[in-house]
Structures are given as C-alpha cells and as structure tokens.
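Dropping a structure here in structure tokens format, bear with me for questions.
Each chain carries a letter (A, B, C and D) given by its place in the written order, and its residues are counted from 1.
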Amino acid sequence: MKIIVADTYDEMSRLATHKLLATMLKSGRVNMAITAGNTPKGVYQLLVDEVAGRDYYDNVHFYNFDEVPVNGEPEGVTMTNLRRLFFTPANVSESQIERLTPENYQTWDEKLTADGGLDLMLMGLGADGHFLGNVPGATKFGNQTYRVEADATPTLREVLVDEVGGDESKAPDFYVTMGPQSVMTQVRDAVMIVNGKGKAAMVKQAFFGPVTEDVPSSILQLHPNFTLILDADAASELNL
Amino acid sequence: MKIIVADTYDEMSRLATHKLLATMLKSGRVNMAITAGNTPKGVYQLLVDEVAGRDYYDNVHFYNFDEVPVNGEPEGVTMTNLRRLFFTPANVSESQIERLTPENYQTWDEKLTADGGLDLMLMGLGADGHFLGNVPGATKFGNQTYRVEADATPTLREVLVDEVGGDESKAPDFYVTMGPQSVMTQVRDAVMIVNGKGKAAMVKQAFFGPVTEDVPSSILQLHPNFTLILDADAASELNL
Amino acid sequence: MKIIVADTYDEMSRLATHKLLATMLKSGRVNMAITAGNTPKGVYQLLVDEVAGRDYYDNVHFYNFDEVPVNGEPEGVTMTNLRRLFFTPANVSESQIERLTPENYQTWDEKLTADGGLDLMLMGLGADGHFLGNVPGATKFGNQTYRVEADATPTLREVLVDEVGGDESKAPDFYVTMGPQSVMTQVRDAVMIVNGKGKAAMVKQAFFGPVTEDVPSSILQLHPNFTLILDADAASELNL
Amino acid sequence: MKIIVADTYDEMSRLATHKLLATMLKSGRVNMAITAGNTPKGVYQLLVDEVAGRDYYDNVHFYNFDEVPVNGEPEGVTMTNLRRLFFTPANVSESQIERLTPENYQTWDEKLTADGGLDLMLMGLGADGHFLGNVPGATKFGNQTYRVEADATPTLREVLVDEVGGDESKAPDFYVTMGPQSVMTQVRDAVMIVNGKGKAAMVKQAFFGPVTEDVPSSILQLHPNFTLILDADAASELNL
C-alpha cells in the first residue's frame, strides 16, 4: 500500500490522472476499469481534455465494475454516468467500452481472464467502507462478480432508489458488482481516490484497522499494488 | 488460483521442484521462502541432488517464514529442520540464508521490501487450515510478521511442546511468523503443496469455502498468483 | 544474460526442462515457442514423460518459430520434427499447436501480439552463429518474421536440401523464420541450450564478441532476460 | 515500439510527464534515468511544479546516463544541467541523486543491477541518430557503460567544446555514457521524446530504417517496451 496525501482535491485528481494516462499510453491492449460517482469528476475533467480526439488511446478498453439496472432503461446507472462524465465528451469509441451487465455478470471473471486481466482499476471509497458494490453486510471476501439483492441489507433498497434518482418505480431489485476476489486477483494496479473530511474516519478504519468483511475495502490492505490517493481532508485522521 | 492434481506424492514433489528450480535459475538476486515440515521432504530430496555443488544457484537467497525458538538452543525448529533437510546436504552458503528470528521479526517486512520482495514462497497446509504459523483462533488477515503467544489458542502450547520434540523444558512461550498481509503483498509466486487423504477435507474447505480467518489459508484464494499442487488423495474431495 | 554451465548434456537438458515446465505450470494461457533439431532431444525425452496424459498443461500453446516447407508435403520440416519428438508422444492436443507456415508468416508478429507475446522461447545455436532461421549473410537485426530465399547466401540451398533429407526434388526455394526483432520484442524469457565442443568457439564469439549481423545470435546479448545453458564442452572456451 | 504523435511540443511534454509521474508514484524504490538537453525543458517545467515540496516522491532515485566532465569543475555538463533544470527547483534531495561520473563508469552496470535496474529512462534523439552519448562512428551495440575518447570521431572534439560552452580550455578529452547493451537490458520502460522538423528525417531513418550502429538509436526498435513520443513536426516524414 502506497499512501499519497495531496493538499487538495485538484492535486488528488491530477495524480490519479497521471496514473491513468500513463497506463493508457502503454503499447498493446490496455484494460482499465473505472468508477462513476462524485469523487472522480475532477479526474474525468482532466481526462476528457487529454483523450478527446487523440487516436493514440485507441488501444484502451474501458470496463465498468458494477451496474445498477434501471427499470425501463436500456443501460444502468453506472454506464449512464460513465458515458456522461467521460465516454461521450471524450469521444471514446463503442468498441472500446466493455459493459458489465445483469446479463453477463456470471461470466465476467472468465471474460476478464481471457482479456488478460485489468491493468488498472480506479475506485472510490464509501463512507460506510464499501468499494465497488461491496457493501457492509452483503460482502464476502471470496466473492467473484456477483449479484446483490435489494434486501441483502436493511438500507440497500433505499440506496438503490437514490441511485436511480429517487423514482421508486425505476429502482431495481438488485445490482451486480465485481467482488473482492475479482479485484484482488484480476487487477494489477489498484488505485483509490478519496477526498473530504466526511471520509477521514473511514480511511483510518479501512486501511489502518482490521481486515474484515464489515469494512469491505479493508481487503485492499492485502493487494500487492494498491495506491491510495487522499486529499488533506481525507487524510486528516491519519498519523503519517 | 491454479490447481494441479498430481497422481502421486512423487509427481507433486517433482512439479514443485520444477517451479523452485526455474525460479532459482533466474538472473540477478532471487529471493525464495521455503517451508520445513513433512510435506516437502520429497521436494528437498530432489532439490539437494540438483543444487549441491552447483555454483549457478549462488544468486539465490533462502528465507524461513516462521520460527519456533527452542529454549537453550541457538536456532529454532524451522531453521534447524531447513538445515537438516536442505541447506546442509545441498551445501548452501551461509551468506545465502536469511533468518527470521524472534529478534528481528518486527523489521522483517521492511527487510523483505528492501530486498525486493519474495520471488516465490513454498508452503504447506495444516489439517486445521493453518499456513505458515497462521493458526485458526490467532490469525488476523491484516497481520504482517508477528509474534504469537503460546496461550493464544487453547491447544497451541501443546503444539509447541510437540514441535520441540516433546520436551516441555525446551518449549517456548511464543513463536514468530509472517502474517497473511506479508504473504499477500510480498510474494509474487505463492506455491502450496498438499498430500494425503487427511487433508482432503481442508483442501476443499480452504480453497472452495468462505474466505475467513477461521481458516487462515483461505485468504490465498485472493492471491493473484497462487498455485496449489495436490496429490490425488488431497484432491479426493474436490469436484474438478 | 545469465550463463549456466552444466557438467553434462543430461544436466543441461534437465535445467532447460525445469524452466519449460515451470512456465507451463503458470495459470492462464501460456505461450511457448520451441525448437526442433538435435540439441533439445534430451529436453523432449524429459518433457514427454512429464506432459503425456496430464491435463494440467492444457493451458499451454506451443509455437514453432521457423518452418522449412517440403515440396509435396502438407507440413514442413520443423513441425514434422516437433510432432515426432514431442507433440505426438506427449499427446498434445491439436488445439494447443500454433503453426507458423509459409502462408501466415506475414501476419505472425501481429498474431503473437494479439496472443499476448511469448512467455518463453527455447532455442539452439548454430555452429555458424545462426539462431532460429537467422543465418549469417541473410539476417537483418530489424527483421520481424520474414521469408528467406534459398539463394540468399551461397550455401543455403545446400542446407535446405539437407534439411529435407537430401532429396533435391523436395527442397524448397525458401523458408520462413521469426527475425531478431520478433525475438527481442515478443519473448519474455529467452532460453538457449548449447552442447558440444563443436560449438564452443561460437559460444565465445556470439556472447562475448561484438554484436553484429554476421553472428546473428549475438543480438541476444541485448535481450533483458536471456538464459544460456551450456554443457561443459560448449563452455570450454570461456573464461568464467 | 509504441509511437505517439502529439500535435504540439506542449502535448508531447505533457504525455512524457504523465509517464514519468506515474512511474514515480509507484510504491517501493523507483529508479529513473533522465536526460538533459533542450527537448525535455517542457517536461521539467511541468515536473518541477508537481514535485517541489511533495514528499510522496521521496522513494524516487534519479540517474544521469551520460556525463561530459568539465576541466576545473567538480561536476560535469549533464549533472549541472539536470540540477539547473530539475533537481534544484524541484528541491530533490541529494540522497535521491545517483551520479554517473568518469570515476565510477566501469562499475555503473553492476550498480544498476544491484539497484534493481531502471524503471524508466527518458531520452532524446540527436539529428545524427545518437541517443545518450552513443554517437555514429563510436558506438558498438554490445557496449555497456563506456568511455568515449574525444578523437573517436572526426567531429567529437568540436562537439565537446560546444558542450562546455565554447571554452576550449574546459573541454575534456572524453566523456562517459551508458551503452546500447545497458539500455536494452537495464531499462524496463524506454521513453524517447522528439520534436521539430529538424529531426523528422532521422525519426524515419532510426525507427523505420535498418538497425545499424551507424544510427545508434535504431537499436531501440528491438526494445520490448519502447515508447516514442513525437510532436507533429518530428513525425512529418512518417506514413502512419
């Protein structure tokens, strides 16, 4: 685990962007899993400017690592957000987008293996300790890509309603996510960005506390190549 | 995880030996952690013949990964066994032996990092699910190299007396071992050999059951490069 | 460059076999290019015994790296020899054999890239300094996989007649081979075996003399991961 | 070889900077060889802003890869320039600077091996095809780090006078440089930046022409991980 404490959100975003772009510049096929959510907005602003119109990133394949289906919609929340934040403004070709969906999650790990694994994954951290769709109460470290039912924890259904914008009729009964085993065994370079005081306590607990399924992201302590990029606020409870 | 089912103990030993020798033949410094115990006796018989008198293995450094001190003795159980089984008959130079001891365990992970990590670790499996000195009831996944007190579990003191040959006066109050975090983050090629019907149930539980501290070796399901070499008996409860 | 001097041909063969088998035991797809000729006969005797009937090598793909077509025959000299020495007695499945042919050589490098490169290549050394089909007088270091015409050097036509067993009517007008650039950029682990006094002078010249197209194998001095395994005779002119 | 054509010098500099910073963000010791000269000035402007005052780059060791001694001065041309362009404004600690000098060049390759090799090297291209101090007429592909005498080529003495600012009394009789073999076998990620119409013909010749000691940088065609970053002018003679 390499911990990097940036002064600001902008610095954090810049550092993550360097890692992403350097991976994307490698020769041959590059496989990269990326996250939606609020934390990476700064990263995508930088990425869009660098990627749009450049053909030297044509070798990069982008993967989502979880998906929340939306009733009545052809694509789920994650892919919709990735398109809006990055794929569409950066003009990423459809042939470079690899979609995890409710239909293919059971063969996703096999597909990743056949594709040669993931060169890099960019992740965020939930204030409750979740990473990807691995939430406390519904996570087993041994899970590969799996399906989580809305009633797996007391609060999950509410979260899913939130995810689809508050409209209960659109909220799904489940979502799919890569599990801890998938991340640990498929990802060569695991990068997490975290900002804000609201997550400072969880940063301390997840990466300096016990490794436990109650704090799913704590498993990343055992990843051989895990880079944690924090802004000063997110690092404010650490004694470094 | 790659699972290899050999027909016999001899075949299992030969396969592990190929992996060890190929690693040892690499250029530059090679760091290899090896196990004592009964399982690898066949491996050491093969290794001794290949290594004794050959100077092209001079670049290899051998590490023990746990140690049980013996009251009144200069070296512990693990190192004594490794010398008897391998270092002495293979004529391995003292400068190639890197000793984990009760005195240096707190800086062992730092040392491994400074040495460039471990290219390979050869491990065995306990019928109770332990690997290295990580036993059920006294193992935390987040542990780096640590000290385990004899009263950490109800049965541990008895085990330690056994380890020193049954003489209670020689039995220590503790031992030291690399922890799960050390193995997961420092070892590039994790190799485990298991033979015999007596371990068949544990093979199934540890590598096809939940990842839990109650079965310490189950964490190896998450290692990105874990090879499990079984004889037919050890594999007899698997549905492959 | 790591140079290993074995006492005997048998030891040389055993060491190469360890390297091959350890690579073949890796998880996921393994890509391995192997050589025909006299030098590796000892290797294949050992390999056949280890591989025949074992399903845990099913993930290995075997590539030939050159081919001499034979007039009137469906397969060339290299593939015919590899089948006889190894594929047939080891019962290697046809789906694991990747054939370089006069028909596909122009897309061979692309194919290798798409396949993920070669994990290991086992090579021999010619007494004239050639490696693969890269002979003095017809080799450019910049060559990828290419076609060599029989009149490219004064002696080549004679060599080709020899290769097909002395029958001029069967001798081709050309052969195909991976070039130096292919080997340097596609092969992660380059292994060469050489035995016999007859090659001792060339071992010295190729690996301790200048890097020059006149001695094609001298380029291997620049490979980042080149292992040269010699018997004592082949090493007899070196001052190690 | 991965060729990246940037529109502008600034874009070229930014892309190289991403690669450098991402390498520098790795955990554990990072070894990076960097170039002086005019081409990388844009890179260092970006780097200085990112590196100055940040302690998370403390694990990076910086190496020069050639040195022109200056009569009467304690340090040579390369190190003086690297200090001015980067080390001093970025406040790089002296303990992170690894100096190749006329005194230690004979053991430099051994040192690099002991240090674990170079994670990345940033290079420029000479209009005459030189890279590092490997100039046409004085370069052997087999060279490790070596000493080049001022009379090795007809024009070299003049170049050396230029290098020391035109003062003949300060011009040395030799310089030292890592050779092609050192670069090929020690550098995991070889990055070259080239800008300007004045080098366009050489870009074509070096990377699309024959691999020959007359064009020393042509050897990089054989590097397994070579990234060539050009601006549009430098790429203007290529048919991509």
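One rule holds for everything that comes next: a contact is a pair of C-beta atoms (placed from the backbone, for glycine too) under 8 Å apart; a residue touches a chain by one contact, two chains touch by 3 or more.
Because the structure is predicted, anything quoted here is derived from the model rather than measured.
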Count of contact steps on the shortest path from chain B to chain C: 1
Touching both chain A and chain C (chains): B, D
Angle of the C-alpha superposing rotation, chain C to chain D, to the nearest 5 degrees: 180
Chain whose average C-alpha position is farthest from chain C's own: A
Pair exhibiting more inter-chain C-beta contacts, B-D or A-B: A-B
Between chain B and chain A, distance of the C-alpha-averaged centres to the nearest whole Å: 35
Centre-of-Cα separation between chain D and chain B, whole angstrom: 44
Of all residues in chain B, the ones touching two or more other chains: 1
Graph class of chain-chain contacts, one of line, ring, star, complete, other: complete
Residues of chain B touching chain A in the complex: 1, 140-142, 180-181, 184-186, 188, 209-212, 218-219, 221-224
Chain B - residues contacting chain D, complex: 28, 113, 116
Complex contacts: residues of chain B adjacent to chain C: 1-2, 4-5, 14-15, 17-19, 21-23, 25-27, 50, 56, 225, 227
